[in-house]
Amino acid sequence: MMSVSALRQITHDRSLFVPAGLFVVLLVAVALRGHGLFTNNGLAGAILVATPLILTALAITPIVMAGRGAVDLSVGPLLGFINVTLITWLVGNGITNPVAIIGWAVGLGAVFQLIQALVIIYVRVAPIIVTLSGFLVLSGLNLMVMSRPGGVAPDWMLTWGAGTSVFSPVLLLLVAAYALWGVLRSTMFYRNLRMTGADERMAYTSGVQVDVIRIIAHVVGGAFAGLAALSYTALISSGDPTQGSTYTLQAVTALVLGGASLSGGRGGALGSTLGAINMFLISYLLSTFNFGTVSGFVTQMAFGLILIGSLLVNVFVISRRSVA
Amino acid sequence: MVTTVMNSEISEIGRSNALRTHKSIWIGFALLACLLALGALLVPGFVSSQNARSILLLAAFLGLASVGQTLCALVGALDLSIPYIIGGANILLPSLMVAGLPAPVAMAVVLVLGALVGAANGALSFKLQGQALIMSLGVGFAAVGAVQIYTSLGSQFGGTVFAPVPVWLRNLSAFNGKFFGLPFPPVIVIWAVVAVMLGWLMYNTWFGRSIYAIGGSRTAAARLGISEFKVWTVIHSASGAMSAITGMLLLGFSGGGFVGVGDPYLFTTVAAVVIGGTSLLGGAGGYGATVLGVLVLTVLTSLLVGLGLGFPAQQAVVGLLIVPMVAIYARTPHIRNQI
Amino acid sequence: DGVDQLPASEKKIYEVVDPQIPLGASAYKNFKPKKGPPWKIGYASSYAGNTWRAAALDAVMNDLLPRSKVAGLVSEVVVTQSDLKDAVQIQQMRQMVDDGVDAIIICCSNVTALNQTIEYAYKAGVPVFSFSGYVTSPYAINGAANHAQGGGEMATWLAEKIGKKGNVLLVSGIPGFASSDSFDKAAKEALAKYPDIKIVGEVAGKWTDQVAQVEVQKFLATNPTPVDGILTQGAQENGVLNAMLQSGRDMIPITLGGEASAACYWRNNPDWVDASFHIWPPRREMQQMWEIMLRTLQGQGPKVQSFLRPVLPYTIDDVRAAIPENCDLNSTDFVEPTADGWFPAAVADQYFEHPADPWKAATK
Amino acid sequence: MNREITIRLADVAKSFGETKALKKCDFEAHAGEVHAIVGENGSGKSTMAKIMSGVLHPDSGTVSILGEKVNSPIDAKKIGLTTIFQEVLVADEASVFENLFVGRDGVFKSQSGGGDRRAEANEILTRLVGKSVDLDQMVGGLPLSIKQWIVIARAMLRRPRVLILDESSAALDLDSTIRLHEEIDRLRREGATVLIVTHRIAELVRIADRATILRDGVTVGTLQKHEITEENLLSMMTPPDRRASDVKEYASKNRAIAEVSVMTAKNMVAQRTSAPFDFDLPKGSIVGVAGLDGQGQDAFVRALVGIMRPFGGDVLVRSAETGKMVEIATLEDAASAGISYVSGDRKREGIFPQQSIFENLAIGVYRKNLGPMGIIRKPTLKPMFKREVDRLRIKIGSPSNKITSLSGGNQQKVLIGRAFANDPQVIVLNDPARGVDLGTKRDLYRELRAFVEKGGSVIYLSSEIEEFIGFADRVDVFFAGRLFRSLSGDHIAEEPILAAMFGKSENASVEFDLERSA
């Protein structure tokens, strides 16, 4: 049933044309390369590896949608912060209760984003600057909490990273995120969020509680970041102070590949998911070629070119719509 | 009817006006003075020609890398390709020299390529203003990937390229470099010249004013016949060229090509621009402000190092500094006042 | 079990080790590969940005692979590179497993992040070999120099060289990577034995000369304090040396690994230091790992989880023999032990239950 | 009539830093009345509207709307107060439908007031715009007038008990204004209180029951319907020292128009499907351009100055140097041929908000003062600036203050100064007096008159017919995308212009009733 409504969304919202088209093209290409993605293990692994990125992209989706050019640069280090505190402060002190761990991850993400939202709203500094600050502060803190990768995830989480079954707890994290988003989407919050992002002054004067909307957007984004951190912790079964940061630009890229507008108002979970999956597929596809010693460089270049190409195509699709 | 009120002299219109109206400049100076005073008090050896030289040298690299970021910020763009072009130039130059090009020719080639990639970045980013951030990232990836492929072909080089760095290039940007016999590396002078020239050009040329005009109001600028496309392309091209220059000068500093030398400049250039007081939304600020931002950042880092703080703590302190700095001079008006 | 099964001469190497390094019995004692030779090998490297990795990869592509092909042992090597991103490396390894490689060599990785993936490979019958640095998974076979021993010995050498007192700058590799951490830990412990020696700074050189040079330059520039010696990991000492040369300070002792460039400086300034260490010779370490892999695939039954080699000191005479007088100060090469000097077949045989010559041509 | 007092402001003051926007504002409005708020630019009308809407909080004094305190737009929504702000606030990236119902619901819960929202929206938009509008299209591509209608419809859909319109007719043409008046009238009959802020005296005379006048942040009095006349309004709005001016200072002397044309357009097609037409601008004349919204006059004016290409035909202008006719295809062509353009949409197309007053004026002439390498020759600029400021009597503090420190009218004067500073031979003005007060308008008319007397030529597009009368030498009325009729001499009067705007033949009487809405 989810796929039906997803299909309707794709045919309805033209900003999803390009990501959906790219998705199909990539799937076909991967299939033609004849590798093992379409097996139980292949899919399980794909879910395992792609979920942190998908969830991180989801985490910035409501925040970007809320407008003011709110590209959340801090989300990567936030992922890392949740990861290292989870491993060092909780597991390191013998707290391995799943409820505590999940609560900590989701709660910490939400609280941090709440703080950022309050600074954005009440100190009134542009979001990109606030989140740049968050990026630097958390990147530093992460290394202070854990100077180098290490530690182990709690025992019950170790099996999560096995990636041998499509229906794994990691998938559950993803489902949980979609469920939360689905609930929000079915309420007026989604429309309010869109309107706030599209023109905040209009929304404000029309009686939308823009501050409340912005706070909720951030808190929800923070909760998603918590889920992303859990899936990331499951993936590496340990703590890592620096790698989380690399997710910032990846997530923003996924978001944009998914057809969202960085200036707010346009975007959604489906687009971000497609964007993230496409990024995964691109890297999957490129590793099926054996470029030998230059493989890393070819991957980087090809990735850049695909990014440019799909952004350009997106422009044509979307601008044609507004002309029509 | 309306009486004419023209009591004040029409003078000191240009730069002094900017000084008067830009709180950020004064705050930047005050902060810089505070940091220097703190350093003098707390860190032995902080006030020394050796330390001044090293601060200025590190500031010069950041300053040169921030030229493009400042120009882009003035029209409301962010250029994330800077670190990649720096890295690309840093390995392309030695590999061209290994291939037998004389150093000046190789440098010219790198410079032109940097400018071309920048121009492509500008043209593409312009098409997608909302997503310019990611577009510039994509261009950066593509460019650095291509350069690395080139440097890897027929050699085992990839991220690193070894070649003897010409003595004069080394002298330009090494700590022990000499400027006509004076004990500081010429790159500091290069930066100073670039800063003064750029500051002057921004206020006194049509192109400079066009940049501000576009940052202030795109449509109004278009009505004056200012081509936004051209300005974006030229600005990004300048950014690419400056990044290439920075990358080449860094070669003299690090002694060998390494594609990762640009990495620190991804967000530090943005931080320098922001701390200086240039609005990321365009139209206000300037390179003078960025120079201050660069100095504040570099002196602060030096102070923190002197106080024994490690890199993580330095990063956190810089991060913590940004919000209050910007809050002092660039708070967005409350939405009530924007209607 | 495990190391206890080794002869005393080899056990000695395991006396000073990183406590985290797994020393138990190998999970591959009774391993039989899915199918016979020629095998398809995956090489999942985490990084390609320095000369050391280039040399290691060169050893695979231009020496080990051709020889193995001739012997009918290996058909193909698939190379990937993850740019230091664990998630990418995980995906690349899983993809290799799903695509049916017979063994995977990983390079210099995160100690724990890949464990789940290694287990995944193990369950699919694909052994994973961690080269130059260990992982904690019981399903991997680690092969490298004993970096802890190396750190200890180099630190002790430096401490003695500077007269047991003074300020030392520590230039580590990539924090969080096994070999880097093992080295640092042991080095610090060794220096702690000298009360008058103080570590005045720690920077990360990323095993890349340019990075090391920039980091050391920045340190020297911003810290007016005198430095009496620099303890650096290998594959970056030339950068450290250049930074010292540029700083205008007097030259001080620097620990040397195997970079031919720094060795060249030493050759021209023979009084500078008096010893150097083969701490992670890229080609030799790779050959060691490759042979362990071949033997494991051949069902020889490795006894231990971690194959460690002692760090070998060498002298200016070895340098004179290895590089010419008009040597290149910018060389990207390494001074390495002789082909059989690192992991001799006779020694290797002691590590396996059913030892045999790994290079014997496969009989179809 | 219901005499219940719905709005009461007592002794309200509001400052923005140094600026005292409102000093002492007392105000009352009843249910069932249309109450106008009148005053010069910057006299505090919008500030007053924002305070009543809860957007701004007063520094002192009391505000009571329907017996309640309103602290935010959310409070306003609760008690049934709706404001249409001076700026047209729509979300370009959202559909018409979303724009109409924004803010109607709670954070999570839908405030389903029953009924079919789409049907309701369709009905009201059709009534207001005069044709049906696709509810699902994005607003971004729609013309300004439709956007304005969307904002009005958004307000009407809420069935407000108090409605405030801040210059909402400024972007509407005459026909539309009349439809708006019908709506206002309906609300009044339903017992709502309607406040309108407008600079169009005629509009005010037509529809307002009472008018309160603001002068420099002080409410100086309230006029009853029969007292609302231009003279009364002017005398109350302007401070005593500025009153004694010659109202007809700018008036046309009804001169014969010269034979030489400086600008011509042949076979021009202004809208994709419209018929071609010719146009010429005689040297030394003021040609007014009129038309209902969307009849092609706007596109025509933009094509004249090279902002857009016409769908057919060429624009030629006489070169000042050679006397030959040259073609205009781009803005640069127009600029180098000595054509200056002033837009009425100064926020979007005119000012550079972060720049100083000086920069805003001088930027128009930099191009003419370039040395080698595009370096600006600055010495010539200061005298130029002083000349323009004096000429237009622009009220400025220091030239280095930001342009946004000026009131809207003075900002507009700076932009006109920018146009004059280029020493153009033709000035094209696109509704420049939109939202500008009377005094400023007269300064503008006088200067344009002086300009043509020295040999310049003017094209003046306006949405207010009154502007042409006694000012323009000729009025070109557009209808159905082409120049429908040129009027001159005594034909420049309300009736003939209106007739032409509706596409009527010269002698037919204008059928619709101007007083219908009163």
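When the chains are written out, they are named A, B, C and D in that same order, and each has its own residue count from 1.
Rule of thumb we're sticking to: contacts are C-beta pairs under 8 Å (C-beta built on N, C-alpha and C of every residue); 3 or more make two chains touch, one makes a residue touch a chain.
In UniProt terms, the chains line up like this: A, B = ABC transporter permease; D = Sugar ABC transporter ATP-binding protein.
As the structure is a computational prediction, the values presented were derived from the model and not from experiment.
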item: Chains in simultaneous contact with chain C and chain D; value: A, B
item: Chain pair, most C-beta pairs within the contact cut-off; value: A-B
item: Where chain A and chain C are represented by their mean Cα positions, the distance between them in whole Å; value: 36
item: Centre-of-Cα separation between chain B and chain A, whole angstrom; value: 30
item: Computed distance of Cα centres, chain D from chain A, in Å; value: 46
item: Residues of chain B engaged with two or more neighbouring chains; value: 156, 158, 310, 339
item: Junction residues of chain C, two or more chains touched; value: 48, 57
item: Multi-chain contact sites of chain A, meaning residues that touch two or more partners; value: 147, 201, 204-205, 261, 293, 296, 299-300
item: Each pair of chains that touches, named by its two labels; value: A-B, A-C, A-D, B-C, B-D
item: Of all residues in chain B, those that touch chain D in their complex; value: 1-6, 8, 10-14, 17, 20-21, 204-207, 209, 212-213, 215-217, 219-225, 279, 283-284, 336-337, 339
item: Chain D-touching residues of chain A, taken from the complex the two chains share; value: 187-189, 191-192, 194-195, 198-199, 201-209, 212-213, 216, 261, 264-266, 321-323
item: Chain A contact footprint on chain D (complex, rising order); value: 53, 55, 73-74, 76-77, 83, 85, 87, 89-94, 98-99, 102-110, 138, 140-141, 154
item: Interface residues, chain B side, partner chain A - complex; value: 80, 124, 127-128, 130-131, 133-135, 137-146, 148-149, 152-153, 156, 158, 267, 270-271, 274, 280-281, 310-320, 322-323, 326-327, 330-335, 338-339
item: Sites on chain D touched by chain B in the complex; value: 16, 50, 55-57, 85, 87, 89, 241-242, 245, 307, 330-332, 335, 341, 343, 348-356, 358-359, 363-364, 366-367, 370, 373-376, 378, 382, 385-386, 389-390, 393-400, 402, 439-440, 442-443
